[in-house]
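Contents: one structure, followed by commentary.
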Amino acid sequence: MQALDQAALFLIVLAPLAGSLLAMFMSRDRPKDAWYFAILVAAVTLALSIYIFVRYDYTAGGYQLSRSFGWLGAPLDINLSLGVDGISAPLVLLNGIILMGGVLIAQTIKHRTRDFFVLLLALGAGVFGVFIVRDLFFLFFFYELAVLPMYLLIGVWGSSTDFGTFLRTKEYGAMKLMLYLVAGSVLIWIGILALYLEAGQQGVSTFDMAKLSDLARDGGLDPTVQRWIFPLFMIGFGVLAGLWPFHTWSPDGHVAAPTSVSMLHAGVLMKLGAYGIIRVGMDLTPAGAEFWMPVLIGLGTVNVLYGAISAMSQGDLKYVIGYSSVSHMGYVLMGIATLHPIGVAGAVLQMFSHGIMTALFFVLVGAIYDRAHIRDSHILNGLFKRMGVVSFCFAIAGLASLGLPGFSGFIAEFMVFTGAFQSDVRLGFVPMALLAGGLGVVGAAITAVYILRLLARTFFGEADRQWAHLTDASPVEKGVAGAFVLILVVVGVWPEPFLRVINVSVATLLEAF
Amino acid sequence: MELAWLIPVLSFIAFPIIVFWGKRLPGGGAPLAIGAIAAGFALFWVALLGFLAATPDTEHCLTDAATGTLACNFQRAWFNAGLPGLPDSVALSWGMTIDPLALAMLGMVTLVALMVQIYSLGYMKGDPHFGWYYACHALFAAAMLTLVLADSFLLLYVAWELVGACSYLLIGFWHERPAAREAAKKAFIVTRLGDVGLLLGILLLWREVGSFSMTAAFELAHSGEMSHGVATASSLLMLLGAMGKSAQFPFHVWLPDAMEGPTPVSALIHAATMVAAGVYLVARAFPIFQYSGDALMAVAIVGLVTALMASTIALTSTDLKRILAYSTISHLGLMMLSLGAGGYTAALFHLLAHGFSKALLFLGAGSVLHSTEQQDIRHMGGLRKAMPLTALLFSLGAMSLGGIPILAGFWSKDEVLSAVSHGLHPVFIVLALVTALLSALYMARAMFVVFFGPSPESEHHDHPVHDAPLAMAAPMVLLGVLAAGFGLISFNWPGSFGGIGSFLFYHEPEGFHFTWWLGILSTILAVAAFAFGYLVYVRKSLSLEGFRRSFAPAIRVVERKYYVDELYQWVVDRVVMVFSRFIALFDRAVVNDVLVNGPANSARRLGVAMRLHVTGHVYSYALVMALGAAALAILWWWRVA
Amino acid sequence: MVPLTYFQLLSAALFAIGLYGVLARRSAVLIVLSIELMLNAVNINLIAAASHMDGVGRFSNFDGQIIAIFVITIAAAEVGLALAIILRMYRNRATVDVDEINLMKW
Amino acid sequence: MPGLTENLLLLTPEFALTGLALLVLAVDLFLPESRKGWLALISIVGLLGLAVLSVVMLQGREETLYGGLLAVDRFALVFKVFFLGLGVLIILSSVDFVRKHLSHPGEFYGILLLSILGMNFMAQARELLTAYIALELLSFSLYVLTAYARSNPKSNEAGLKYIIIGAFSSALLLYGLSMVYSSLGTTSFAAIRDALASGAGAGPTLWVGLALLIVGLGFKLAAVPFHMWAPDVYEGASLPVTAYLAIGSKAAAFALVLRLFAEGIVPVVDIWSRWQIIVAVMAAVTMLVGNLVALAQRNLKRLMAYSSIGHVGFLLAGIAALGPGDTLVANGIILYLVGYAVTSIVVFAALIAFFNHTGQEEIADLAGLADRQPFLAAALAIGMFSLSGLPIFAGFTIKFYLFTAVARAGFLWLAALAVFASFISLYYYLQVIRQMYIQPAPGAPPEQSHGHAAEPPPDSNAHGAAPDAASAIPSPGWRLALVLGLGLAGVFWLGVYPAPLVAIIEGASRAILPGG
Amino acid sequence: MSWLLFGLLAVLTLGGGLGVVATRNVVHAALFLLLSLTAVAGVYLVLFAEFLALVQILIYGGAIVIVVLFAVMLTRSSDYPRISDNRQWPLAVVAALGVLGVLAAAFMSRPSPVTRPQSPVFDELASSLFTRWAVPFEVASLVLLVALIGAIIIARASGNER
């Protein structure tokens, strides 16, 4: 136990990374082996992520399972410092789950299979890294590492779609996604440098987030400077979180991406952005965060409504889900921006919940696309008759996404609204927050509109003859989808195991405000 | 009494079992659902007796200052939002309040649900998704019972949404029919619009109270410390939710369409229980509404408008189930009106009486539909002979709702009218009486046309029309008894029972009060209406043709349901979807193509343009170097000088 | 005595002439010749400075001349190699006109 | 008066290197055509031996020879080993190319070795003329190597342009040198520093002289606006020579510039602080021009040329940010040079392997490489990702280090601009990767987009069928594979754990930045 | 006397230079170069740098100009006279004047030292060259070696290209 505690965090990054490197040396001609190997690695990381989550002692709070490895000394002071807190622990678990699901679903990849898993595991390692490091350099390192494989994953294994009036090739989707995310990271990088400099002015030249956080809390960072730095983080990380108007990479990326990549993309990658805003923006530049939160809450609201309204008139299933992700990430941003314990905790829970939910969506859309080779909801119909399990799960995912109680999304969204309604306790933007909360609720209603339209149009009813050949989900797909549904329900009914972990760290985080 | 938590939980447990293993269970899982609800009904009696035995000294129980009634609270921790112990965190619990209001609803819901589920055994026999049907029923029952028992607004909202979802699933049960799909979607979305208000109202209250607990909110309102504006705003917002669920104008459009679902579902969800949840909500939050005052007025107006509008439409509708649906809307409006007038007891009494009667009517209609496979009353007639039991029970229900004395509806409606006459401006009572008259008229119409009128010549039934089988008949009989006799509980009977008003009241126990002039007037109106109906539809001695001709335009407006559906459709097609398409186009053309591709393309074009400076001529390279050298030298010199 | 500045100005003028030649001529050979002019300007400057040193360092007044020797050496090597390349160019392309020597551009 | 033999021992590696070059030239005369491969072997073994010799002999020595002309210090040693190692890798990757595409292999290797000697002296020079002569040794070698493929018109043209512009710039540099000499009477870096500090002899002649020196060095670095020769020369030269140009000559020039600035100018803070901005602007313009113009390139070598101009911009930002006693920036520059070299060698080795089999060098020619030769494609992709500064590869770490150092020195805006410029660069690096991984190989069936209205297309996973035999490329020979392997290992190592290298570099920086 | 001599030599130097950059005939240009270089040697003499003057005459006047003339002969073709200035010559004038301006301004901004020109004796020069400047000297020899090898390889008639 002691030994595992010491190594768990290191291993959870190392395992997928080493898996990725080892997979490079596997034979290209035996794709099945690569799949089995990837499952093995993913299972190890899943086990580790569960261990980490369970092991997190919510009564103690703070960062746990911490380790630090020296990397570069003063004046840079970069160390590979690891640690999880209540905000990252659920996200680590989320990534473990989604990575496992993604690897399983990737069974259908037949082309350059080995390379696919090499990249997918590297992606997983990057995401784990971001969630567990306590050093700005390594945070940025893993952040970019998570972005990097996306280009090839989408570009090589993706699909191009002709929408009649416009064309979305996989090259375009991949290129845009990559450029967009790296553009965001440009801002982050500049922000990190600025933060390092400002801390250096105070005699604390370091990239160590713990030290920087202490410095910020002691009032060591000039508030004016923080106000300049925070927007860099807000937009930089916001790009990855799908912050309006920097969101278009996301739906287009989904449309181009293969199923398991979409799962990771929407399931965890977008969470990195929101996590970054919390972990870097709010924790290290609290005064800046406080100053800019009215803007963020406004943008979050725009996200919610804009995403939902856009989703309403989309025909392609992946566009619908993609825009719906934009909309749902709006709740996360909104929750963060409330600066209220309930709102922020809701945002974190929403990250988890949306991760599972949207991954489920993509599993199902992928299953449909694999069989029908089309994702146009105007052409597909009556799927319930042909693909009962898929449709059933889709309906459940849809209900979860419109915030139906009993599913995790409700708890999270409700907490976000609650936070928004109370956030004036600390800040002077009551009308803003009330409006945001109110419009957020409206957004949930709009979600109902497009989800139900979709269900009615595409899944219910009689099927055309051309869909007679469709078969229901494979056992692997059923298993993954079922597991996701189960998680949605369990968290929706009994969120306490998650919330008690999240609450403790959110409270610590918000002490700075 | 604490065992009451089992009532919803049993059904909750039944749901997944039926979903996953229904096919392997005997009877497709139906016995499990029925068993669960039957146990719930039994437990209701346990809870009722426990409550009646309780005093303010009993553990968990105390007299609620805001409502003036005894209430018992039981809680289990659910989850904490925010770190426990901090001032702005909130601990949420699974909690139930057992008080007269909850018990009354509990009894009605368990009973009607039980009846309907039994009835469905016959009605849904042979359906390919029989198990799924019962699973949904179980889930619905669980959610509805949770709604009734909930002690916090949040839990209420949870249940509220879940019943909506069950309604959605059950309306869309026959999803192969496009109309059913559309109706399900419409029902969910329209109620969801109202729910936006409900959730906002709840959140607004939370903001004021700092807790989702109803008791806490009521106490704050009762003590007068709640801001008046917040009370008004949040109660109006909650009213929106109630209007959505209870199909009040202008959210009423979903309910008639919801008749696309199986008829027992209509009986249970869209007549007796779920649609009453709106009224229940207003009653539950009555302390806040009353504190606001203005909100109560809004409730009254909404109720009156709805009642009037729906009853006129019911008169012109030709679909049997839709007549009943509009009737439901109208009666829900009356209940709202009563609440708005402060007639708390009257509203709830009417809710219960209407619930039994309307369930009965729907089950009767279901029986008719089941055997004739026909919904249009113009194609029916004279069914009295073929299905006497159904005819009897249906007439009982219709007369009860029409306000024929002694039957349950008469008493409850009179209570309502009495409350309205006491609590509100005279205009209200006049219009309420009009509604009562209309209500009797359309009930008479439905009853006489279907069962007593002449059988349409053109209709030849391919298979013989038969009366309801036992599984369907037994529940109807039981409900018929209630529809007939339920009104009797309103009296002060000798002994300890002081009538419903002594049990279910707000602040002050109420005795039975009967306003004589109103009673007589309404009796006259009801009897006249039925007599008129008899003359018109059975005897055919009166003709409405002249009336129809002279008021043709007005009638057309009513027949087209005041164009509310068209208005909705127009808004959706011409505003919402157009806006959505605009946003989608904006997203692609402006946000993506201009703001995203634009800089990217500009950078590339800039690169293409800039590369021209490398001309390939060695002398121009040298020239640039020379100029650069001169410039650098000048700058270098200038900076240091 | 002619002051140092005059020699320096002479060198600068020669340098500028050479520079003009490099920038303005089309024949590669002439460009090479112009570069030689520039290098000569360097040498004038070096030797003039060396001759006018007032003994800043022990060897200082020699150094200019020594540097000039190196410059001449390098210049010679440069001319040789450049002309060899021009010759090769001429053989392959039959031109020494730098206007035509732009297979590669942009 | 110090004699010729003064501390001759300390120059043993240089003499040995000269000897090695002459040996190769001599052996060439006696080797039959089929055995010319031996020359490369001799060179490589010799270089490795010299590297070991240098480390063993010079470790820990801090000396100044010939009255301040040459330094024997940690800085020189680090660069010496770097250049020797680079020589090994370049020769390894040239062998196949030379055998296939060039004549006179003996002279090729001999001149290459002599140019390494020039680079070594550039890193050691503490005096302008010595530096200049060393630089000319390197330049002349490169002129010859560039024009080496004499039947190739592009090679001729590149050689001609290179030598003309090179001679022109050396004239400018020499004129600067002469102006420095005329104002100071001496040309050692230390004298420049003293003159700047005391003001004796300082004046416009010195300023303008220094500016012209920078012009001459700027040409060598290919800094804007002295960069225009670079794309043509890179394109015209043979691939191994291009690699050598991109890595070696650049690194040597930076070694020289670094020592010149660190020892001659930077210590005089009040003057340097006024000049920094000029260098910074030059850096800014360089990185922008290089990366923007690279967006419009189609030829791989030209792309690499503009890309390397962009990287020079980043390195110049480091030069601009140099400060007295601040080793972080100097570390950043040296680390960047090493990381850039390691990455570039991977890229060029892969390109050489590709060219050896196909004779193609346009970006579009790479189409489908991932199917035709996965190893090459992966190596090239890793190189490209690293160049664009993405993590787990050297590029990320070195950029982060350098930019942090630049920002820390007070040039946050320049660091920000550098970050932005490297973002622009990502686009064209991705274009290369796109060709290899996404575009189908020539001859493979074109992939169609899945239309919504169209017939259901074939299974999306079925595309990119195995390439036909014609388009497949055999795996690179063992030499190139070795280079690629070593390079990739270096790329990963630097990307993950550069601390040991940083410690070594720190020593080098201290040698030129006293008080650091 | 020295003024007169300097003036004459300056005129010859610059005149030769202008001739190099202005003439249309390459052979004339080479001869102008010879003139200019010889005048420069004269300038060295004015500066008492006899050794350098000697080197100048020998290497430039002899070797380089001859090489140039050889090259001109070898590449001679009918189009030589046609070649003159390129299109950017006005810009070239501006650049040249600009550079001249900067240099002249730099030189003139400082008072000239009032020292007599002086010169080292030959053996001092030689011993400095072979002691202190030994390394550059040897490197320069390698430069010559490289240039030599390169010139041979590049200029040699092709035939065995692979």
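Going by the order they are written in, the chains are A, B, C, D and E; count residues from 1 in each one.
As a convention for this text, a residue touches a chain if its C-beta (ideal position, glycine included) is under 8 Å from a C-beta of that chain, and two chains touch if they have at least 3 such contacts.
Only a predicted model underlies this, so the values are computations on that prediction, with no experimental measurement involved.
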Point to revise | Smallest number of contact steps required from subunit A to reach subunit D | key: 1
Check your understanding: If we look at subunit C and subunit D, which chains touch each of them?
Key -> B, E
Review point. Taking each chain's centre as the mean of its Cα atoms, which chain lies farthest from subunit B?
Key: E
Study note, to complete from the structure: The pair of chains with the most residue-pair contacts is C-E
Practice item. Would you identify the chain whose C-alpha centroid lies closest to the centroid of all protein C-alpha atoms displayed? Key: A
Exercise for review: Averaging only over C-alpha atoms, locate the centres of subunit A and subunit C and give their separation in whole Å.
Suggested key: 64
Point to revise | Separation of mean Cα positions, subunit E and subunit C [Å, integer] | key: 5
**Study point:** Interchain centroid distance [CA atoms averaged], subunit A/subunit B, Å
**Key:** 37
Practice item. Quick one: report the Å distance separating subunit A from subunit E, using the average Cα coordinate of each chain. Key: 69
Review point. Can you list the residues of subunit C that touch 2 or more other chains?
Key: 4, 8, 15, 18-19, 22-26, 31-32, 43, 48, 50, 53, 61, 63, 66, 70, 74, 77-78, 81, 85-86, 88, 98-99, 101-106
**Study point:** Multi-chain contact residues (two or more partners), subunit A
**Key:** 179
Practice item. Going through subunit E residue by residue, note those that touch at least 2 other chains and give them in order. Key: 86, 88, 91-92, 95-96, 99, 102-103, 106-107, 110, 132-133, 136, 140, 143, 146-147, 150, 154, 158
Exercise for review: Report the complete set of touching chain pairs.
Suggested key: A-B, A-D, B-C, B-D, B-E, C-D, C-E, D-E
Study note, to complete from the structure: Interface with subunit A, subunit B side, in the complex: residues 77-84, 86, 88-90, 154, 157-159, 161-162, 165, 168, 172, 175-176, 178, 181-182, 184-185, 188-189, 192-193, 195-196, 199-200, 203-204, 206-207, 576-577, 579-581, 583-584, 587-588, 591-592, 595-596, 600
Review point. Where on subunit C does subunit B make contact in their complex?
Key: 19, 22-26, 31, 98-99, 101-106
Point to revise | Residue ranges of subunit E in contact with subunit B within the complex | key: 86, 88, 91-92, 95-96, 98-99, 101-102, 106
Exercise for review: Using the touch rule from the top, collect the residues of subunit B that touch subunit C in their complex.
Suggested key: 611-612, 614-619, 622-623, 626
Revision key, fill the gap. In the complex, subunit A touches subunit D at residues 24, 28, 70-72, 75-76, 108-112, 115, 122, 137, 140-142, 144-145, 147-148, 151-152, 155-157, 159-164, 167, 169-171, 174-175, 178-179, 182-183, 186, 189-190, 193-194, 196-197, 200, 205, 258, 315-316, 369, 372-376, 379
